[in-house]
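Here chain A shows up in two complexes: once beside chain B, once beside chain C.
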Partner chain A sequence: MSDRTLPRLLQTPAVLLLLVWMLVPLGMTLFFSFIRYVLNSLRRPEWTSPSIDNWRGFGNYQFVWNNDGFWLAIYNSVFIVTSIVVFTVIFGLAIAILVNRSFPGRGIVRVLLISPFFVMPAVNAVLWINMILDPVLGLQGIAVAGLNEMIDGLRDFPVLGGFFSLWPELSPISFRATQTSAYAVIIMVTWQWTPFAVLIFMTSLQSEDQQQKEAAILDGAGKWSMFRNLTLPHLGRPIAIVVMIQAIFHLSLYAEIEIVSRGNGNKNLPYLIGEFATNNIGAASAAGIFAVILANVIAIFLLRMVGKTLMD
Partner chain B sequence: MAIVAQESRLSRVLWPILAWTIAIIFFFPIFWLVFTSFKTDADAVKPEHLIFFTPTLENYINMTENYDYWRFAINSVITSVFATLFALIVGVPCAYAMAFNPTRATKDILMWMLSTKMLPAAAVLYPMTFLTKNFLGIYDTHFLVIVVLCLINLPIVIWMLFTYFKEIPKEIIEAGKMDGVSTWGEIKDILIPLAWGGVASTALLCFIFCWNEAYWTVRLTTTEAATLSKLIEGNRAPEGLFFGRLSAVSAAAVGPIVVLGWFCQKQLVQGLTFGAVK
Partner chain C sequence: MASVTIEQVIKRYGDTQVMHGVDLDIQDGEFVVFVGPSGCGKSTLLRMIAGLEDISDGTIEIGGTVVNEVAPAKRGVAMVFQTYALYPHMTVYNNMAFGLKQAKMDKAEIDKRVRAAGEILHITDYLERTPKALSGGQRQRVAIGRAIVREPEVFLFDEPLSNLDAALRVQTRLEIARLHKRLGTTMIYVTHDQVEAMTLADKIVVLRDGRVEQVGAPVDLYERPKNTFVAQFIGSPKMNFFAPSALAATAPADLRGGSEDALLVGIRPEHLRVCEPSEAIVTARLDLIENLGEHVLAHMVATDGTEFIAKMETLPEGADTSAMQFTAAPERVHRFDKASGLRQ
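And now, the complex of A and B:
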């Protein structure tokens, strides 16, 4: 008897804590999503307290669904997540293969490469948007100004000057603008998460079957065909995991969006929910439930994949 | 062996150069942050002082005065240390039971724990604010931040510990049982010493995640329990007036963690992929 009870007892605190942590807030969100609930209303003060009398059915869901901002936020969420995932996987693969052999200082190269991953998101955003991407004071601005000056100088040359005077004056890109702020987020998060992809691909490459590779070389296989037929299939699982873990993390990007442009041009779902939550709690909750559904679609695939290797 | 023999001399020289170049490019922004932190605010925005300038420690010396850095840093340390500690206290017995006395439900429980991690934080933002502010009255306290950080990292902690504990032969634990060692004794005297490396790297990784957390620590605090994430988020200096001092405080916020991270990069893979990539 005690053989079974004690293990169960040891698991109880963790299970209970996580159960409460998940069910209580989520249950409240679910409830709020079905009632009219606003923080400030002079006209309808009865809506300012969460009460079952203010039942609205699927009204909040309808309101969110028909809200243009909601679809823009979904679009931005998906655009930002997909771009980051595509870039990190491509860069991650290239760099992992590059580093996966011995050369002088490989240890240091690894340490340098992994470092961005440990930078806190707020610092990442402040660093990139101010010190690097700023159109005047950042490195981008300084580099563009320098190039313009150089081209200006070359215009005074005899003969060649004619060629350079055809070149337009370069203008720096403002990454806080509506059209570009999503790119700024993509750049900084890609920088931060490429190391994560590199690390995982590298770990996986090290477990690749070397004998199989040598056999392939003896059979006269080329480098490219070896990569396509041996390495890439071997990396299939790690790639899938990198994609899904990042999707889940980046669907809830917040600090970067806030710091780059306060949601101007790159407002994603979490940011929109935060904005709704300043007053219209009903709508924020309905949008929150949509976010849960979106994350779950991805989570199911990830959990299946992880579950397969769990017990072996 | 065959692969090495095939390689031309050129690629043996170019390969390391390419690898080094990419590593330096990736590290450059961090270097630039530290580099800028030694410039005065005036020098930091002057193109003529881009590379050559008189280094100064002024930004670090005035960090307390400018940003009240230590108050936020201490909050970060307190909340991260205690959240990690509690996660281990709750997580070790749980992972122990799962690894050495698995039941049919163990796999499902583990999967379910992981799924709590995938709940978008924004979806429960208002309920959390409401509960902690109006109901429990613990908004903006260290206690709240510790509990939240502990809970969001608990699934990863249990997963990592579980994968480490699973590697330990069951016989050793069972031998302890034969000798009449209590469960607590088994954990304390047999399991922890054997899995010491695993427990340490789990703790380290959990600490790093706590330190860098930037959603709940920003949304559930105002002043009392505000961490470094909140400090940086609140001082984003949009007009570049304070690049020097902002760089210093940012470098001080991430420096220790980046260095800690170097020591647990191997374990990071296991922790982040839940043991699915080895």
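And now, the complex of A and C:
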């Protein structure tokens, strides 16, 4: 036995298990995506069981590809994921830098900052859409109503009142509408995942070399220059990690979309798959394969972009 | 180039005071070394000059201007840190150019200065590398280069050699000395190593617990230490101390006489020499001998049990090691007050 044989042998069960774990579902999905397979059909009862006899070729793919919701779902998936990632990184950086200095009560503030991360996604969505974003009963509704009332009151003032009477009545935004529901999802997931970014950036900030900063001070660097030239490069790797993990995670968002609008106007790919899967397993599988392809495209794109930082 | 004047400088961290009113004059172009044991406040004093620490009380002047409230970058100082503190994500070139870019200097001028510094420090071949790809000695050069390009009035070094191996330390020490000769700029250098202090300094400042113990040329400190602390700190191996009772009966009367608690006699190991019993200052037996090739260190025990070291070329042949006599030239015998430690 050569030096490597024994370690390889010992690794084999784990590798095999992982392969089976991955390949079996992928294989089944692929198989289903090429056959006609539905859960209920009175007209064609033979389609209700998966069988090679019901071969449909690329028919399911064509069906999904030409489906009205498909391109919107792809667009939404990318839009939602990108927005969340951008916002969480920006807010995460800002907050991490703020709480990295010492101030009284820092420990408690840090714990509070992390806590949104421990709320269940469905609960998070219910709270946001009903208690905060709701145009009538939520904080948003109350705030808008209050502002309107205040402006109303100001209209009665002499002179200035004339100015305020030019103001239109503010109307609250309905976040369940087709045009806005994706924003609601972005807001709530950003709120929930910013702590994750903060946590990762904070640990990294603590390991920043203080003498480098002092050297930069002596070199005449301002706060912004130090952030740009020292802190940001230092955070390159944690930012890459936050982006990667979130991109992979948020491609499969589901609960928030279900609760905000039942997919009205902001379906993403997983939601579309879920809709197909209520009856048409073949189409759902084809959409699933598209999702796998999309995830891989994004992953390759990200690895290209941030891979260098990780390999350094 | 500029002189530095420190007046009654005090440093407090919260309630604990770590510098207790330091006064110091540093001439234009002088190479000054702050030396003292770890924790005595050398770095703190240097960092106050640099502007990295607030000055709790007193004033620091650079080139005749009080700089207490002047921003670090505007003081005309450049610092070399113990850990080098190079910017890890920039090339060597950009590390050196960074300060100049911040000052919005002309690109061509930056390039000229960086390349000139590269020449002086022999790092032109690494200009496009990042610090990660450099050895410790090369990083140290880059750190020095980063200070040079800014053409400061005062160079500050905080234990710049302590992360280098012994051979490199000697070499870099020489290069720093050469650099000072070449640039003629005021340099303030912090170290806990008295050899570095002795070899580099025009003027040594010995610090202890946030106070200046003695200021002077290396030879002064060696020949006329103000107190027992400086006497022991400067010179290696350390100065030997004897109570009058440890001395031989043949020792000069002014050393033996006087009250027992009043006097401490100090003689450096290299100034002790073996002599006839009639001129002995101290009589002792040999405990152990360390042979260093060029010389030997004889660890001796005096008749009353006082341990001391004598440094000599070889042990005299046929010497009776159970009772050896030592003497020293009168000007090499230091007398200190035992209670205060001050030179008499």
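Here is the rule we go by: the second predicted complex is superposed on the first by the 275 of 312 C-alpha atoms of A that agree within 3 Å, B and C clash if a C-alpha of one lies under 4 Å from a C-alpha of the other, contacts with A are read in each partner's own complex, and residues count from 1 in each chain.
Definition applied: a residue touches a chain if its C-beta (ideal position, glycine included) is under 8 Å from a C-beta of that chain, and two chains touch if they have at least 3 such contacts.
Bear in mind the structure is a predicted one, so any value in this text is a computation, not a measurement.
When chain A is checked against chain B and against chain C, the one touching more of its residues turns out to be B. Within the superposed three-chain model, A:Gln211 lies in touch with chain C and out of touch with chain B [touch as defined at top].
Shared-chain residue A:Leu230: touches chain C; no touch with chain B.
Using the contact criterion defined above for the overlaid structures, shared-chain residue A:Ile142 touches chain B, although it does not reach chain C.
When the shared chain is aligned, chain B comes close enough to touch A:Ile95, but chain C does not.
By the touch criterion defined above, A:Ala221 reaches chain C but does not reach chain B.
In the superposed model, A:Val78 lies in contact with neither chain B nor chain C. On chain A, the patch touched by chain B and the patch touched by chain C overlap at residues 214, 217-218.
Contact residues of chain A toward chain B in the complex are 3-4, 6-8, 10-11, 13-15, 17-18, 21-22, 24-26, 28-29, 32, 95, 98-99, 101, 103-106, 108-123, 125-132, 134, 136-139, 142, 145-146, 176, 191, 194-196, 199-200, 203-204, 207, 213-214, 217-218, 237-238, 241, 245, 248, 251-252, 254-255, 258-259, 269-271, 273-274, 277, 281, 284-285, 288-289, 291-292, 294-296, 298-299, 302-303, 305-307, 309-311. Of all the residues in chain C, the ones that touch chain A in their complex are 50-52, 72-74, 77-79, 81-83, 85-90, 98-99, 102-103, 146, 150.
Across the complex, chain A meets chain C through its residues 209, 211-212, 214-222, 225, 229-230, 233-234, 236. For chain B in complex with chain A, the residues that touch the partner chain are 1-3, 6, 15-16, 18-20, 22-24, 26-27, 29-30, 32-33, 36, 45, 47, 50, 90-91, 93-94, 96-98, 100-103, 107, 109-111, 113-131, 151, 154-155, 158, 183, 208, 211-212, 214-215, 218-219, 228-229, 232-233, 235-238, 240, 243, 246-247, 250, 253-254, 257-258, 260-262, 265-266, 268-269, 272-278.
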